[in-house]
Each structure stands twice: as C-alpha cells, then as structure tokens.
Amino acid sequence: MSTLFPALALTLFTPLFGGLVLGLVRPMRLAGWLNLAFCALSFGASLLLARDLLAAPGGVYTGHGLHIDAFNLPLIVLTSFVGLTTAIFSRRYMLEMYAHGRVTPLRMQVYHAMFQGFLLTMLVALGTDNLGILWVAVEGATLATVLLVSLYRTPESVEAAWKYFILCGVGIALALFGTVLVYFAAQQAIGDPEQGLTWSVLHAHADGMSAPVMAIAFVFLLVGYGTKVGLAPMHFWLPDAHSEGPTPVSAMLSGLLLNIALYAVVRFKMLADSALGQSATPQLAGHLMMGLGLLSFLVAALSLQRQRDIKRMFSYSSVEHMGLATFAFGIGGPLATFAALLHLLVHSLTKSAVFVTVGHAAHIAGSQRIERIRGLIRTQPAVGWALLLGVAAIAGFPPFGIFASEFLMLNATLQSWPWLAGLLLIGLAIAFAGLFRNLQPMVYGSAPEGQVAVRANLWPVVVHLLLVAWLGLAIPPLLAGWLQQATRLIAGGGF
Amino acid sequence: MNEQVTGYWLATLLQPLVLLLAAPLLVGWIKRIKSRLQNRRGPAVMQPLRDLRKLFAKQPVVAKTASPLFRAAPYVVFASTLLAVTSVPLWSIWLPSTTVADVIVLVGLLGLGRFFLALAGMDVGTAFGGMGSSREMLVSALAEPAMLMAVFTLAMSAHSTNLSSIVAFNLDAGVVLRPSYLFALLGLILVAIAETGRIPVDNPATHLELTMIHEAMILEYSGRHLALMEWAAQLKLALYGLLIANLFFPWGLAERFTPLEGLGALALVGGKLLLLGALLAVAETTLAKMRLFRAPQFLNLAFLLTLLGLLSNVILESGL
Amino acid sequence: MTQLPLLEQAILVLAALTLLASFSMLAQSRLTSAIHSFAWQGVMVAAATALVAAVGHAHHLYLSALLTFSLKGLLIPWMLHRLVRRLNMEREVENIAHPALVVLAGALLVILAYWIALPIERLELASTRNIIAISLAIVLLGLWLMIARRQVVTQVLGFMSMENGLFLAAVASTRGMPLVVELGIAFDVLVAAVLFGVFFFHIHESIESLDTGKLTRLTEEEPA
C-alpha cells in the first residue's frame, strides 16, 4: 500500500481543514502562524505525493475523482510551495498592515480563512479529474479572492473587486457553457453519462467526439477561462484586482491563479485537438490560443509603458507572460510546449517574488505610485537589490529561468512560424523598456528625506530567485523528466 | 354537388350581413359587461344598433371648409373594413371570399381604411382632427409591423399566407403547444388593443382632448357619415376578435359549409367572441389608460413579442 | 413531419418563456419588477427541469428542479428584494438609454445565438436539443443586460440569469450534469449571491449609490 493517496488527500484537503479552523481563530498572531503551518503541511504532503507518483507505474494516478499526471503534478507542488512562501511573507506583512490600521481583526480572520480557501480551490482545480468540478473550483477561486481584493475597503479596492467579480463571473459562465457542450459531445461518444465529464475517460475517447460541437465548445472555454488567465481583450479586471488587493494576494493571484486558468484551457485543448483531428480545421484550438496569446502579449507590452502604479505595472507584466505561455501552448509541438510549461513555473516563482518585494518597496515609500518610490537601494539595500534582480529576472535576463523559457519559445516560433518571431522580439524589447525605464529611478534615485527602512522578510524572495536562477542555468534532471513527460502528454511527442 | 355550391355562395353572401349585425352587438355586449363591473346597469346590448339607426335617419352636417374627400371618406373606410372582414373565415374555412384574399391583402385593406380616416381627420382643418390623425399614424406605424410579424409567424407554420389555409392547418394539427403561437397571440392581442382604440392605448368612452385618438378624427362627422364611421370601427373590433378566435382557436369551424354545420360553427364563434369581449371588458376595467408617449413602448412590446414568436418558430419548432 | 409528445412541447414553451423573461428584465426599468421577472425565470427553468425529468425518467433531475426552484425562484429574489428594501431603492427607476435599441439588440443576440448553435442542432433532429440555441441566447442576454445597464442590482440579475441559461442548456441538451457537479454549481451560485449582497453595501458605502457608472476611480490616466 503506497502512501500516494493519503499524500494526495493531505495536499488537497489540508487547506480545507485550515480554512475552517482559521475561520474560527481570533488571535491574529496565532492565525498567522497557523496559516503558515497549514501551508507547510500541504507543501510537505505535495513533496511526498511527487515522490510516490514517480514510483507509481506510468507516473499517473487516477481514482477517487482525482487525476494526477506529469502535467499537473509540477503545478501542484508549485502551488503549495508558493502558498507556503507567501504565507511566510504574509504573516508579518499583514501584522504590519494591522498596525497601520488598514484592516480590522474581523477582516484578518476573513483574510486567513480565505487564504486557505483560495489554496484549496486552486489545488482542487489542479487535482480533479472531473471537468465540472474543475469549473466549480475555478469559480470558487474567484469567490474566495473577491473578498481578499476588497480587504482594505477603500473605494478603489471595492471598485476593483467588483470589476473582478463581474468580469470573471461572466467569463467563467461562458466557460461553463463550453463545459456543457463538451459534456453534450461526450454523451455521443461515451455510453456512460456519469463518465461524461471525467477528463481521463474523455481523453481516451476524444477522437470520437463530434468535431463541430467541440470547436464551438473550445471557443467558449477559451474565452471563459481566458478571461481568468487575463488574456486580452478580457484582461481589464486584472491590473485593478492585482493592484488594489493586499500584496500577498497579488502575489498569489499573479503567480498561481493565472496558471490554474491556463491549465484548464490546455486540458481542454488536449481534448479539442484529438476531437478535431479528422476535421477540416485540426489546428483550430492551437491557432485561437496563438492569436489571443500574441494579442495579450503585445497589448500588455504596450500598456507597460504608461503605468504609474507599481503593482499595476507588474500586473501588466503578468498579462504579458501569460500571453506568451498561451501563445507557446498554441504553437503545439514538443519544444514550444516544453517552453510553455517551464515558463509557467519560472514566471510563478519570479512574479510572486517580485510582488513580495514590491510590497516592501511600497511600504517603505508609503505609496504604490512609481514616482513616489525613490532611492530604495539607499534606504534599504536588500529591498533595492531584490527589486533590481526580480525585475531583471522577469524581463528575461540570463541567467534567470525566464530567459531560458523565452529562448526556447523563440526557437520554437522560428521553427514553425518564423515571421512571428520578429513580433515576439519587438514585444519583448518594448516590455523590457517599459520595466527598466521605471526601475532605474526607483532603485537608484535619491531617496526622499525621512524615508526609513522597514522590517522586511526577504527569505521568500531569495529562495524564489535562487530557484529561478537554478532553473535558468540547469534544469534538475528530475524536473526535466517531469516536464518531458508532460510535454509528451500534451504535445503527443518528446524531443 | 350543386346544392353545396349554392351553400357556399349563400354563406359567402350571408357572412358580411351577419357581421354587420353582430359587430354593434359585440360592442354593446362589452359596454354592458363593463357597466356591470362598475356596478352600473348600463345600456342594453342592442343600444349601438339603435344608435346607428338613429344616426342614419339624421341629416349630416358638413363644414364649409370640407373638401369632397371629407364626404367620400366614410364610404371608403366602411367599404374597406367590410371587405376586410369578409375575407376572414367566420363559420367555414373554404369560402370563395376567404380563399381569394390573404393576410397581406387584409392588412392592406385595413391600411387603406386608416389612410382615408386620417386624411378625413385633417381635411376640415380643425386642431383636434389633425392631432387625432397624427396620433393614429404614430400608433399604426408601430402596430402594423407587429401585426405583420404575428401573421407571418402563423404563415410560417402553415406554409401559406392564405387565412383559410392557416386555419385549416391549425384545425388539422389539433392541440400543439407552440411557443411561437403563444408569442404571436400575445402580440396580436396588443396590436388589436392599439388598433381598435381600446384602453390602455385609447379610451373609446371619452372625448378627452388630451388623450383621444380615434374620437378626435371623427369629431366633425355627423348623421350617416358618423354612422358609417362608427360602424366601421365596430366592424374592426369584430375583425380582430375573429382573427384571434379563429386563427388560434379554430375548433368548431366547418371545413365544408352546410347550413346546419354553419349554424353550429356560428354559435361557437359567437361564444368565443362573447368570451373575448368579456375578457376585454375585464381588462379595461382593471387597467388605467397610459400616457400617449408610452404607447410606442406598448407597441414595441407587441413587436418584440411577435419577433420572438418568429424567432422561436425558426429556432425551436424545426422539429414540430 | 413528426410530432413531439405534448410534454416535450411544453418544455419548448417553457424555454421560450424563459427567453421572454430575459427580455422583460432587459426592458424593465423598475428594480423590483426586474427582480420579479428574474424570479419567474427561475420558476420556469425549474418547471422545465421537472418536465425533462418526467420525460426522460431522470430522477436526479427532480432534485435539481427543486434546488433551482428554491434557489433561483425563491431565495435569491427574496434576498435581492430585501436588500433593495434595506437600501431604500424600491421605487428606484433606472434610466435606460435607448430602451428600444437595447431590446432590439437583444433580438439580434438571439439570432446570433441561433447562428452559433446551428451546427449543433444539425446533429440531432426533432428534439429538445433545439433549446441549446435558446439557452445560449439567455446567456448572451444576461451578458448584454450587464453591459447595457449600470445599476449594480441589474448587473447581478444579468449575472444570475446567465446562470439560468447555462442550467437550461445543461438540462435540455444532456439531461443535466452529474449530481456532484450540479451541487457544486448551486453552491457557487449561492455563495456568489451572498457575496453580491455584501458588495451592495460596500459599494453603497463607498460611492453612496449603486450606479456602476460612478465606479471610475481606477484608470491609467493621471487624475485631474
């Protein structure tokens, strides 16, 4: 008897238990520690799960309505890991916010409960085998975070949360329509209606599903979940929600939630690809994703230029990177898929590190406006350096992992769509200019008088950036193996 | 065979006569029910007929400024309405008069009558007449498309614009729940209310200058001219009642006319009309007249309903 | 031409009435009337579900019908009604710009939905599957309601009526989703409704109105 299922259950349902407990815990110091402890437990269990799954035959586990393979396993580990590091950062940060009077004890309670609830929905979305449950979980993630975004109750944050709620609600409703259509198509292909939403069964029978229905379904799913990914032109909620929420929430939204939505799109793309294989437009799903991905990438790169709020700027950078990943998944082939998977991992790690640093920077300057944040490296060298390195990593400087993934993407583009590679390069250059133009004065400029250092916990940032640098220099064979396996699963071949 | 042919022509000739008598009675019936609902005794059901007789006996007075059109209009309005009413199946489906005309002709005939009515309203040059005409045109410009949509919805199911074919189709089909019919029926009822000048669009019982539509146009008429105008209006009400009763609930209509069946069908149709009249009276008692400027909204609703009828016919009923 | 059994015709009629309820929400400028239209829509979706259950002998659908009826026909309208009363907005009439155009655009959306769903309907003839186009139309109309109106309550109604359309699609095209999924969706809808209620108060507190046209603080532009 392997410990695989217990480890899986522990990973997924620790946050459920944690959310329930934290909903009841009043003392906020204790709640902060408990939050951390639950995240640590979940992360530990996910490592155990990873070890056991590697030992399992074929590296796939299906059962109890769950389905773990090489595609979602790295994402599960990543999610629980970023959850843990964010919890470490959040513990002290939120106490500081409380000291500044931005939150009440009751809202702290809500915050901690929802923190766990958010993790729960993301992990369930990743782990479930049922496409309906996947939808329920992604919608649940919206519901859990909407109160987190408006936690400070400023008019701005309420407005941001409302936009987030409405836009994502609409998007996710369209995704449900797509899911219904998939279920409809599945009923024609599979006898047992109870299995009609089970991804592993559908994947095995996908070539029998009706091509026109799947094509329409995929359009709805892409628009629906794409809203959640932050793909243009449905991205308007994203900068608002990311900039107005508490920083730990921004870190998790940007670093994790976007991944989950893209994960859902890719799962459906796998079904659509085999259903459409014999039709007149076998590449439809991929082409749609390429189009939307490229559009988001370019729109975000241009929008980066005119940002005045530091968190908004990095939210647009998230749109840009998600666009790139969507584009790469759309291209298809093994190389592009591998690059996209790697990109998801390194972007999550880097972006959450950047948001944590930005939280400290904004705390030092007492404002999120870029022109008010000046001379960080003089006031608090650690934060200044962290921001500098973080932006270097997110902009795709070697030796960080994003350089590697973007390089692979460019290669893949050159192989299959050479004339698009130029667009990618131009977009990357524009985005780079947008980020660095603002970075220089923030880090090096002269510090305003009276600006003092704050108590900062930069361990999560250091760990994330080290990991990203490691992934950029040499992907450890274990992870490379996972990603190879996932690539074979998604793209149908390795390299 | 020969007998049957005679029966047809007899029925065809009798139909307008029956309707000429029945239309004032229907109006009388509605007034009666309304009075009862308002705790009054009200006039006798025969009263509109008596009014007509009295008006025909009187000499019409015509304004000095009136053109010949003013004198001709009542005859045109009356004749076109009577023709229209003749083309609607009353007691039997396949009559010569009903098979030659279809719904588009019907709508055209009604349009012709309305055109002369509006011209006559403006002819004398009084303020009220012009006002009434312009209001009538506002209402009808919005009501006519809705009316056409409603009958087209029926025509799409029956694959014919001929009223007899539509009725025959519905009679054959038996009880079928069609969402499109539901919408078309609701839309047609709204159109009927607007076109016949009933509450909440117009109030036939008052001459309130701020609100009246139909009454304003015929304000200058007297004597037999007025009688013809009134009679035409009563016929129009009966016509819409017939349309609603016989298109949507055609049960009881005779396929081939024989005197006995004809009488039975007439009794049934009469019953349906009385029921519709009673419903109209109840509705008029409970509803308040709305402002004229809300009439477009009311008719937009009618248009929307009939449009939805058409759409649901296309979308939902491909399998029916 | 084959005739459908009477019960299935009744399902079609109910679907059409659900669509009508969407239009009535689109045209209603009074908040309370719009909420009533929404409640009727919920009731009709529930009735359609029960009929589908009866036709297809799908017993778990009775449960979903009951769930829909109590949630969308009673509970959510009641909650919205109470909120509107507590915020003293019962008599609130929203100014709709170009009401006739809004409704006509809605009719165009129905045609669009039909066009989108055409390839699906071609697969299967003579059945309640035709309802997919109608449900898609309801979804799109809900979306349109949210775009065309600036009132928070109306936007919520649009959101919830989208859910109604989705539910109708699931019921009519596939005899309902597996029960676990349906329960999950119902739970999400309920939580969303509660959160919407919370947000009414937050928004009311922050802009002293429920007009989303006044939610304009977050822009890229330099504040004047």
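The chains carry the letters A, B and C, assigned in the order they are written, with residues numbered from 1 in each.
Rule of thumb we're sticking to: contacts are C-beta pairs under 8 Å (C-beta built on N, C-alpha and C of every residue); 3 or more make two chains touch, one makes a residue touch a chain.
These numbers were taken from a predicted model, which means no experiment stands behind them.
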Legend entry - Nearest-to-centre chain - CA centroid comparison: C
Legend entry - Selected pair, greater C-beta contact count between A-C and B-C: A-C
Legend entry - Whole-Å gap between the CA centroids of subunit A and subunit B: 66
Inset, instruction - Could you grab the centroid distance between subunit B and subunit C? Build each centroid from C-alpha atoms only and quote it in angstrom. - result: 37
Inset, instruction - Report, in whole Å, the distance between the mean C-alpha point of subunit A and the mean C-alpha point of subunit C. - result: 30
Inset, instruction - Mark out which residues of subunit A touch at least two other chains, giving numbers and ranges. - result: none
Legend entry - Residues of subunit C touching at least two other chains: none
Legend entry - subunit C - residues contacting subunit B, complex: 1-4, 6, 9-10, 12-13, 15-17, 19-20, 23, 27, 99-100, 103, 107, 110-111, 114, 121, 125-127, 130-131, 133-134
Legend entry - Complex contacts: residues of subunit B adjacent to subunit C: 175-180, 182-183, 296-297, 300-301, 304-305, 307-308, 311-312, 314-320
Legend entry - Residue ranges of subunit A in contact with subunit C within the complex: 65, 130, 132-133, 135-136, 139-140, 143, 146-147, 150, 153-156, 158-163, 165-166, 169-170, 173-174, 176-177, 180-181, 183-184, 187-188, 193-194, 196-197, 210, 212-213, 216, 240, 243-244, 303, 306-308, 312
Legend entry - For the subunit C and subunit A complex, residues of the former touching the latter: 116-117, 119-120, 122-123, 132, 135-136, 139, 142-143, 146, 152, 155, 159, 162-163, 165-166, 169-170, 173-175, 177-178, 180-181, 184-185, 187-188, 191-192, 195-196, 198-199, 202-203, 205-207, 212, 215, 217-218, 220, 222
